[in-house]
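Same chain, two partners: chain A is paired with chain B first, then with chain C.
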Partner chain A sequence: MSEQKKIRVATCSLAGCFGCHMSFLDIDERLLQLLEHIEFDRTPLTDIKHCGPCDVGIIEGGVCNSENVHVLKEFRKNCKVLVAIGACAVNGGIPAVRNNIDLWECFQEVYHYGIGLKNGQIPNDPELPLPFDQVHPIYEVVKVDYFLPGCPPPADAIWKFLTDLLAGKTPKLEYETLHYD
Partner chain B sequence: MPDNNTILLAVQTAAARHGNDPANLVQILREVQDALGHIPEEAVDDIARFLDIPRVRVAGVRGFYHFFHDRPHGRYEILFSDNIIEHLQGKPELLQQMCTRLWVEPERMSEDGLVRVGSTSCIGMSDQGPAALVNGVPVTRLNMERVETMVELVQKGVPLSQWPADFFQVEDNLRRADVLLGEPLERGAGVRAAVEKGSDGILAEIDRSGLRGRGGAGFKTAVKWDFCRKAVDTGEECSIVGPKVCDNTAATVRYVVCNADEGEPGTFKDRVLLNSHADLVFEGMTVAARVIGARQGFLYLRGEYRYLFDKLNGILAQRRRDGLLGENILGSGFSFDIVIHLGAGAYICGEESALIESLEGKRGTPRNRPPFPVTHGYLGKPTVVNNVETYALAAKIAAKGGEWFAAIGTAQSTGTKLLSISGDCERPGVYEYPFGVTVRQVLADCGAQDARAVQVGGPSGTIIGEGEFDRRLAFEDLATGGSFMVFNRERDIFEAARNFSSFFAHESCGFCTPCRVGSTLLKKGMDKIASGHGTCADVEELKRIGQLTRAMSHCGLGQTAANPVLQTLDKFWGDYEKRLISKEFEPSFDLDKALAVARRITGRDDAWAHVSAD
Partner chain C sequence: MSDNTINIDGQTVPFLPGQTIMEAAMAAEVYIPHLCHNPEFTPHGSCKLCTVSVNGRSAAACTMPAAAGQQILNNTEELNANRRALVQMLFVEGNHFCPFCEKSGNCQLQALGYYLGMMDPHYNHFYPARAVDGSHPDVLLDLNRCIMCELCVRASRDVDGKNVFGLTGRGIHTHITVNSPSGRLGDTNLAVSDKAAEVCPVGAIIKKRHGFAVPIGERLYDHKTIREVQTEAHK
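Up next is the complex of A and B:
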């Protein structure tokens, strides 16, 4: 196995809370086992700023601003397989709760009316990502190959998913790892 | 805004009229809204107190029905019927014109609270559309001229009672009558027969007639009545309706319910039956009551047909005076009475168990079945639910026997069927045909020379193309609840399927995820293709979601919601293909446009304030 070229994996969090990444780390010592077969490209664990050619891209979080789109497209361009992980990437999740609120009202609440704010101004620095009027699941912006639901998906589901994928199988999760009631 | 005393008085009056009974919550809410214009929070508090039920139940029911409002919605509320036929006849342009002239945005009340213009699901007038509900009353045959006059009347604040009477004219448009509508039955003949022949005698005639339900599913009426007749109220499973009905001691109470929800787009034959043959319908209900042993019946009338409410109540009163209804009918000792409940704009309330929930004053959410209404219906008691037309036919069969009826139609579909024909034909209206008639024959009779497709049985039914016009209308082949919408060669079938998809997304009751989410995803997928951004991948996704929605949904609505998309993909692929772009993937919204609001707020227009689709 060690002779084989390692599978290159990139991950990132868009409009998410890094909870899915935390759940990923919850595979604990199995991470070492995993690292025998994979290597990381861009992830919060490395300091790589841009995603290069990869085998698997894992996206946490939905799309809420222009920067998310650029990152997402870079992943799509470079990754053979793209995976949406967690409720926010799959459906928009918690950030999408703002979809029922007018963006102008959101801005006002944050920059004008927030407690302790006085003469608040709405920032317009070009370096800041510009928010969309609504938060979108990632499949509405790029083609997605796999969806791994959960908020977050449990470590065992992530482990099963990745090991299936590494074994060259279509990932299959038991009902027990997918239902939450 | 009404003050607290006015609200209290309105609630008190409505609640008292309905015996402070939570089972009448839908009716109470309607009357409160009539009095106040909408149902404010204070009214919800008061109703909860008077009926002694949780506040959330009142608010939940208010939120469920499209015609209930929690805030003012204009002194004039004008809702254009969104049926595809009326759509093709110019509804979008008429609506736009009205909005432009009144200076309002669609679906939003004008600043001065004068008017709101919007859309609503088919109001059962597609034979004389485009039509709209104005404060709940249908205005038919709309054109630019009528819209112009309506704008003036609204601006001048003329009350509806002073609008030109011909605006509200609803024609029967009865074009072809057969045994049901062509041969009048002497008033009371059905009830008299029921009293004379008794339960067994009538049931035997209904059985002999082979009568099957006319609401769409075609269940044998005799079997249904017999099940109900034999059902004994054991008090079991009463958890579904609460402890109040667990009554093992009393003799079994049974109910007769007439389903006049007629929500399937393109259907309006029940409207004609109720307008011109209501006696026959009530007669049939009374016959059913005699067979199953019921004392109480309900006519569940869709909110859109509210304009018939007073007239129907008048007919009920007359029947009571004539000894055909009420205590001791025709001196036989048999007693039965009928109450009319009004719906409030919810297609799902046509599904029989949702209808019963609504009758019980709840949100119209379909129940788990089994148990079926015949054993656990209204308030958990055995209940027969039938379509309007089924009762009208049952009255005839009771009076004339079952034999002659069985001789009409086909082996498994006896008798005649009322069709509601609309769309691209010279003579839209109601047609009565013996079962087994071919689509081609019907098209010839209604003057549809140029037909390309017919939607049989409404959006939840079947669409057929020219190659299938020799198929027959009967349960053996093309089953139908009566909707028959004709599209000519110039029509775009994709647009029809898209209209139907948004109908289902709008009407999904939201109870189960496959339908609530699936119907919306189908609508979004169709909208994406319509906007010129659809790819083959989107079509594949539509198929996948369609199958899932069909297989996993809780009730008939979800199980049929994907029919229009799946069937038209199969039969009218060309109408899709010409819209698709040859790309592997295309975002489902305009990325750059979705940043426009933020650009405006921040005043930015730099390169980073834009994104391109590629």
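Up next is the complex of A and C:
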């Protein structure tokens, strides 16, 4: 078998919970099969800090702060194909529930008035990224090529999606694997 | 050709005088996607999901009377793309978060998204500020999920005889109101057994203390498409 150049894949979680990444790991031993065809760039598995030139970028989570936008734009710049994975990347998801709560009130509730809190402080270290007043899905910031909804998408959906993509086909999910929840 | 037939996507469908295209199609087990329509109620014609091409012109199948010889296009790529766009607009216009909605799996808006292959909401989100009313002891009203189909209005007025709900405002400001001096659901005579409490196609009107009685994965549209479910129901 001729040595084929591997497809380079980067993944990251923005305003997400890493649940989609966990679901990705749920493809279990098929991960080894996948690794025959792909190699990882920046992912939570490799600890590479910045996304380099890639074939596929997979983004979990929506955009909730300035750092999210920088990472997202870096992915878009470097990835030939950008994929939004999970409810948060697709429509903001659970983090977007705060969109109608004033940011200051939100912080006060979390750091000052929450149950069991005493002398709480709202973090204001200049190293911390600035939070936005609203959380938005990634396609409202950059062009996204493919969407894989679900909270999280089941491992079988991720497997079908990736194998279709690697085979050069438009990913197509069976009815029972397409879920918004 | 018999006088009382119409043609839907090449299939001859009989109709009775006075029937709409939707009614004739349902009787013949031909599925036309719809959301604000419910065969138990007077057609409303607001969601436009059932838009078909009748002799080359667009019409809502739920309100358009069937007439002899109509050539109707329904299940075409173009019409389904339009329907998908309408569903996407409904998604971004409200706050529809399927992951924690009790209606998920039983929701017609979600089921139509699945049926029409909606992978993303496409449009920019409005994230409107909408109220949740938990004042009623047995029924929760969450306007974040309301799609203004007016089914609760029709059910309360026409079946329950109570007029608990109404639609107010125009255009993007249209919203459901509750007919009580305080505007709260708890101050109305709505009963949990009312038709209005169960007719909501989405998760805007939810019966309390029934959460997850049917687990996710065993719900109405988890294994069957809305086409299959509704075609079977109308048999």
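Heads up, the rule we're going with is that the second predicted complex is superposed on the first by the 171 of 181 C-alpha atoms of A that agree within 3 Å, B and C clash if a C-alpha of one lies under 4 Å from a C-alpha of the other, contacts with A are read in each partner's own complex, and residues count from 1 in each chain.
Just so it is clear, a contact is a pair of C-beta atoms (placed from the backbone, for glycine too) under 8 Å apart; a residue touches a chain by one contact, two chains touch by 3 or more.
Small disclaimer: the values here were computed from a predicted structure and weren't measured.
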Combined model on chain A where chain B meets chain C, clash or fit: clash
First, second, both or neither for A:Pro123, with chain B first and chain C second: first
Partner chain in contact with A:Val69 - chain B first, chain C second, else both or neither: first
Which superposed partner A:Thr177 touches (first chain B, second chain C, both, neither): neither
Touching partner for A:His136 - first (chain B), second (chain C), both, neither: both
Which superposed partner A:Thr43 touches (first chain B, second chain C, both, neither): neither
Chain touching more of chain A, residue-wise (chain B, chain C): C
Contacts of A:Phe107 with chain B and chain C, given as first, second, both or neither: first
Which of chain B and chain C A:Thr163 touches, first, second, both or neither: neither
Segment of chain C intruding into chain B (one of 5-13, 95-103, 113-121 or 167-175): 167-175
Chain C-contacting residues of chain A that also contact chain B: 134, 136, 140
Chain B contact footprint on chain A (complex, rising order): 66, 69-70, 103-104, 107, 122-124, 126-127, 129-134, 136, 140-143
Chain C residues within the chain A interface of the complex: 91, 95-101, 104-105, 110, 113-114, 117, 119-122, 124-125, 127-129, 216, 222-223, 225
Sites on chain B touched by chain A in the complex: 537, 584-585, 587-589, 591, 594-599, 601-604, 606-611
Complex contact set, residues of chain A against chain C: 84, 87, 90-94, 96-97, 99-100, 134, 136-137, 139-140, 144, 146-149, 151, 175-176, 178-181
